[in-house]
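Heads up: the structure comes next, in structure tokens.
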Amino acid sequence: GGGGASPSSSDSGAGASGGVIKIATQSPLSGGNATLGEAIKLGAQMAVEDRAEDFKKLGFTLQLVPYDDQADPKKGVANAQMIVADPDILGVVGHLNSGVAIPSSEVYEKYSIPMVSPSNTATQVTDRGLKTVNRICARDDFQGPAGAKFAVQQLGAKKIFVIQDKTAYGQGLADAFRDAAQKLGAEIVGYEGITVGEKDFNGVLNQVKAKNPDLIYYGGTYAEGGLIVKQARDKGLNMKFMGGDALDSSSMVEIAGPAIVDTYYTSIAADVTKTDQGKQWAQRYEQKFGKKVESYSSYGYDSAMVLLKAVENAIRANGGKKPSREQVRDAVRAIQDYKGVVTEVGFDNKGDNKYAKVYVYQFEPGQYPGKQIGELTKE
Amino acid sequence: MKAIKWTFPFARYNPWIQALILAVYTAGVLVAWTVTGQSVLWFLLLLASLLFLYYSSLPRKVQWIWAAVVLGVILPLVASTGPAYESYMEVATQMGIYIAMAVGLNIVVGFAGLLDLGFVAFFALGAYTCAIFFSDQANQFLSVHNFPLPGGLFWLFLPLGMFIAGLFGVLLGLPVLRVKGDYLAIVTLGFGEIIRIIFNNLDKPVNITNGAIGISSVQPPELFGVRFTFPHHYYFLVLVLLAAVLYAVHRLENSRIGRAWKAVREDEIAAQAMGVPLVRTKLTAFAAGASFSGIMGVVFAAKQAFIDPTSFTMLESITILVMVILGGMGSLPGAVVGACLVTALNLQLLPQLTNWFNQLAAQGVISFPSALSPSKMQRFLFGMLLILFTLFRPKGLLPARLRRYDPKRMAELAREFRPGMAGAHSSLSSGGTLEEPESSPPSDKSVQKEGMSP
Amino acid sequence: MNVLEVRCVGKQFGGLVAVDQIDFDVEKGSITAVIGPNGAGKTTLFNLVTGVYQPDRGDILFDGRSLVGLRPDRVAALGIARTFQNIRLFADLSVVDNVRVAMHGRLKSGIFDILLNRRKTRIEERRALGEVCGLLAYLDLEPWINEPAKNLPYGVQRRLEIARALATRPKLLLLDEPAAGMSPRETWELSELIRRLRDDFELTVLLIEHDMKLVMDISERIVVLDYGRIIAGGTPEEIRSDPRVIEAYLGRSAVADGTYS
Amino acid sequence: MQSARQRMRGEKVGFLTLEKIHVFYGGIHALKGVSLSVDKGEIVTLIGANGAGKTTTLRAISAQAAVKEGRIVFDGQEITRCPTHEVVSLGIGHVPEGRKIFSRLTVWENLELGAFGVRNKERIRDRMGEVFDYFPRLKERLNQKAGTLSGGEQQMLAIGRALMGEPSLLLLDEPSMGLAPIVVEQIFEILGELNRRGMTLLLVEQNAFQALQLADRGYVIQNGEILLADAAQALIENEEVKAAYLA
Amino acid sequence: MLAQILQNLPQVLVDGITLGAVYATVALGYTMVYGILELINFAHGEIFMTGAFAGTAVLMGLNAAGVLPAIPKAAALLIALVVAMVITGFLGVGIERVAYRPLRNAPRLIPLISAIGVSFVLQDVVRFIAEWRTGNYIVTGIALYDSEISLGSVTVKTNALIVLGAAIVMMAGLGLFVQRTKWGAAMRAVAEDKDTAALMSINVNKVIALTFFIGSALGGATGVLFAQQYGTIDPYIGFILGLKAFTAAVLGGIGNIRGAMFGGFLLGILEMFASAELGVLTGGVLGAEYKDVFAFLILIAVLLFKPEGLFGQVVKEKV
């Protein structure tokens, strides 16, 4: 490891001849974002455990090293330095926040450690043209417009009120949605920001009430989104409500309660429970960790699986020996048709997932995940 | 005094012996480091040698040179032998940045006694100044479209960031200094939040800061054709800046301005009655503190290559305040140690500790329920440590100490300046017939100029 | 010649008239005492002169120059220094630094001089330190130089306040109850000290005191305040026998005892 | 004087006894083995130069300064380690140096707090009446914020407040400091009156002459040590004391 | 534009007062502790949060035991309130004992650090417990009074009325306690001068503990009402709310009970007004995201003209 406080890495892989291969995760494990961050970590952990046997057969001990970036860019960068200093680490699954992913990936790039992001939707993450940065989720400029298309064309929204949480994620998504919706002929009657961590959104909702739109679009996560739906319904605002993949959580249903009717969200994940394989996977997850599956659990799982697949490919290409980071990096980018539990993965030359699809779901009270009611591909 | 002797038995020895002990200690740590391979512990113990150095009675010049050699040569050299080189450099760089901020905040809170809970705003000002012009962000609102600026211009932005932050320090200070005590705390807190929120929203009507998305691809500085891409580049940059900052604060603290700060802290009314202009003194404190923060903000933006408002939250201000108070308010070495400690804890020790637990758990040595997973305990541990530190060192780790004057020398001076005080209002500065302080040979080596011992 | 001229000065706090139409002069080089019952407005008068409060009306002239509207530090720079009734030292600073602070207005180095450690700064600081040492020796404070002010005995604190005031190089020194809490012997020493100060530093002294022995002993003129007004003024002899002063302040029996003769 | 006579009768056990008290402020050794005793009904005065340790002695008695070594016995009970509020409820009133009235509270509230330990409302009312007998001025100012009183009135309030707790022993720390001569006179008269009504007083004063005139006995303290102890009159006539403290 | 604002105004006021009531009662706790120890009790927000969890846990427990449907709603709420108040009251006393009392003679800002430490620890401890019990630290509780009352164009949640009523009762009760009782006078005396208060045979530690108990219990009770009002709680609600409440306390004049109350309501209304109307007023240039800027600017403006806060006493320093 980066320091003597951790057990020396060279001797812990005694069981396997080829040595140790580590996969790191970086996501917030403490603080307000920890649920999501932990889902990523647990997903990756499950992947590592699932593949550990295969790697043992190849002669390697597989380990997961979780890092807590606390949603803080400075910590992310410092952790990244620790990660790159450990020669056994061949890839990173992370981050949750684009604001942390961007500076941290600058470090990964210098040391050629591939990163597979389960959840960074900001366009800049891959638009900087780094060789190491990949993501399996949809970009804001895909998900937002897809949502807009559905809202305007399928739901028939003409007047739309956009609310966002003033985070990089929320703003990116909401802006993309707004622009696309305008192009499609909808009128944006309001565009407001709220503060993450607060619980009272009546102020903004009063404005919504005055404008009386057909649909509220929310760019942000479920913690605030759930409350906004609930408080809107309390105010008698019964219009449709829509948001992005960050609403895709069982907590959303819990928080909003019966108010969740007429709530839609876009997600890159196909409904896990639709396939047997998916159902099984979800069951295993719940048994293993005693927690409900979150969307990010499966993204985390798939990201790690993709990464491990690439490592495996690189090992084989390297004649069974431990590959270099550059080899793994290129192997990740070369992945073209990996079938994960929630999404198919194939990277384009920027590191974006070509197969990223956007599915539209509708929530129903007391049920998670929602009902899949639409599917959009990138044109 | 008993307590002081207990804390620094070291200070009693003769300087040569001190130097020897220091050298042996440093060498020991270095040997241990190279033998055992990479270790955070040795890294921190090496830094600790500088603390001993500070408390030694070696002449100031020797101390500066020694520290320069340890930090500028030995540390990077030894660290570079292992794969974690850049990791150490990164941590050391962040330490340096925080030290400068803690030292700056120490001026405001420790010296001048003005509780500031929004200090990170000045850091943000410096950082955004740099980020906007060294990325293509400035193209968004300026009609000349030749941004990002070339990396060579970075060096101009250091003083610029310092100036802008200092200016805002004064602008904030002017209205705000009417309010006192903890009211000031809340006003500064408000100011910090206002700055952050504005940066978070200034993507419309004119896109200046790119809002919550942040500014990415900030171009690195360049010096003699070297592009600053690795942490060790920034390490050396921060080291130089930090030396300048520490030197400046040291000078200021022991000057008329520094004494005025402390006088204002102790008793505003008495200070005024003794001829200390209240507002100007407080404003200097605000401006000085802010500008150190601003200059480091510039460096930070370049180092991160990406800036968004989440780096400048209120929690950040509180963290810097924790460094100052934990170290010992009004104590320069305290602020330095506090900053080192908190940064090391946050960036190195706690993550390493949790990694270690995680590995043990992965190897099945111990097991945790998922709610108690060690990676989630960093904040908890940090909180515990804060409580324990304050309980066991309630005055801070290195409390401020009085400047001591040598009675013998004071007596000599008294004889020289017998107050045959007629002819009042003589100027203190006119004429230079007096010997300069340095040229009078200190009779006792341990006594610094002006009869001060360290 | 008059150093200080107080012209019709008044000051009100809310409904309370603390100082009401006060008018008097202080002659250069004199020692003048202000006495009066508790709450008569003596300290308020000092605060008005030193710029801590601004008068509601009237004017205060120092060397012919009006002090009205000046901040306390400007007043200090003009040459008026004071001590405080409730000692206001810089509690956590050492004795030397307490006095050094008072040199502030007389040191001229700017921030850049200090950062560059210019020769000018070093010379000026050294001279100032020398002067501080001289003052400390003069007031017998040498044994205490490295002690924080808060640890000093009361009497020493009072002396330190005087030393600090002197370091501003005042022409007029205002002492607010310098003998409070002092034993008769210390009080006597204090009166010697005040006289010496006046001569050695070419000072004019204005003092507030309840210790009549001290007042009668050293002052050349006495001003008596009651309810914010001057009820009497004159030499110690005149005041001692003034019936209004006896009634309001001294008390009949004390005068009969001969305590103040 | 009655109390002096009592003492003549030879009641040996002191009402309050300090045995070799040591007090430190950080590194400063403020009291170095102070011993003294006060009998019931007496007025005892403690005189000494600035910083001699007078205030510290009183603070040690009321447990405001930590006693490092030595014993304090009051009314047959050891109180050395009792916290302040318990010492006070045993019947020791303390009028602290510099008055220390609660300036943001009204006069009435100040007095009421003086009787904090007294539960019986009736007795509180009686006590208050008694205080107004001594200090009619306070009655006029009942609802005024104490911080706005003049110095003399504040001193009266401080004494009155201590009396509210029905102390059998009253410690007074420089009650005449900063007061106009006419007020000082009044205060001393009242102290005499209190003593005549049976209260025991331990009085610290810079105004040594006046204090000794009032007192039965006196102690001279210097540098944290008791230098002399004698009858008050004897001290007044003592040449050394005269030279050092009476000027 | 004006028409829209006016049309909205009654609802905005109602919502603002509801939010303000929460700020106000939490601010009371800050103000009490500050008034007596001059300590900004940064952990107070976390005490509030703990109260919210405790109350929610009680209701969930009652529900799981099948008791909840059987007893009247008011009784359930009362039980939750009392249990939460007792828990947070003792928690406050414990925190004072462990983290503040040993530092009473330390430099003034030192307890601020231990307070921050306490608040980190509390956040995580509550999180551990919540997560351990439910697998998720974001907890959605059981709402007792969830209906709405419509008065013309204005809708009010019944729970909001309860919050409001409770806030007023708490303030009035506290005001009476502090102004009219012996213990209240003792608190004010201790606030002014601990040493001298002890000379009045006041047990200073006891008074301080009492202050912490009352302040924390009020915070805990507010937590329960908050959880009722908004339905969802997490271990991090204390931080922002604590800051807002502290701001409210300062706005009203810290150390002053009426001030805390008034400051809380004012801040609530200001925020609500800003988030509802800023966008309208500026034609979309500034929006709800600037509400904190707006609130802080008003705070700063108030302090500039009245540096001691709206209700604060000018602490006249007698020179």
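A, B, C, D and E are the chain letters, set down in written order, and residue numbers restart from 1 in every chain.
In this section, contacts are C-beta pairs under 8 Å (C-beta built on N, C-alpha and C of every residue); 3 or more make two chains touch, one makes a residue touch a chain.
Just so we're on the same page, UniProt names per chain: B = Inner-membrane translocator.
If you're wondering where the values come from, they're calculated on a predicted model, not measured in any experiment.
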Going only through chains that touch each other, what is the minimum step count from chain C to chain D? 1
Name the chain pair with more contacting C-beta pairs, choosing from B-C and A-E. B-C
Compared with chain E, which chain's mean CA position is the farthest off? C
In angstrom, rounded to a whole number, how far apart do the mean CA points of chain A and chain C lie? 73
Euclidean distance of C-alpha centroids - chain A vs chain B (Inner-membrane translocator), Å: 37
As a quick test, compute the distance in whole Å between the mean CA positions of chain C and chain E. 49
Chain centre separation (chain B (Inner-membrane translocator), chain D; CA means) in Å: 51
Among all residues of chain E, which ones touch two or more of the remaining chains? 124, 127, 287, 289, 292, 318-319
Residues of chain A that touch at least two other chains are 30-31, 34, 166, 193, 290-291
Residues of chain B (Inner-membrane translocator) that touch two or more other chains sit at 200-201, 269, 370, 376-377, 379-380
If we count contacts the way the header does, which residues on chain E are in touch with chain A in the complex? 4, 7-8, 11-12, 15-16, 18-19, 124, 127, 135-138, 140, 148, 155, 157, 226, 230-232, 234, 236-237, 239-240, 271-277, 279-280, 284, 287-289, 291-292
Can you name the residues of chain A that touch chain B (Inner-membrane translocator) in the complex? 1-8, 12, 29-31, 34, 38, 41-42, 63-68, 70-75, 77-79, 81-82, 84-87, 97-99, 102-103, 106, 110, 122, 124, 128, 166-168, 170-172, 193, 289-291
Flag every residue of chain C that touches chain D in the complex, lowest number first. 16, 36-39, 85-86, 151-156, 177, 180-188, 210, 212, 248-251, 253-254, 259-260
Any idea which chain B (Inner-membrane translocator) residues touch chain A in the complex? 36-43, 82-87, 89-91, 94, 200-201, 203, 211-214, 216-217, 229-231, 304-306, 308, 310-311, 346-349, 351-356, 358-360, 362-363, 370, 373, 375-380
Along chain D, where are the residues that touch chain E in the complex? 62, 64, 83-86, 88-89, 94, 96, 100, 102-105, 109, 112-114, 116-117, 147, 161-162, 165
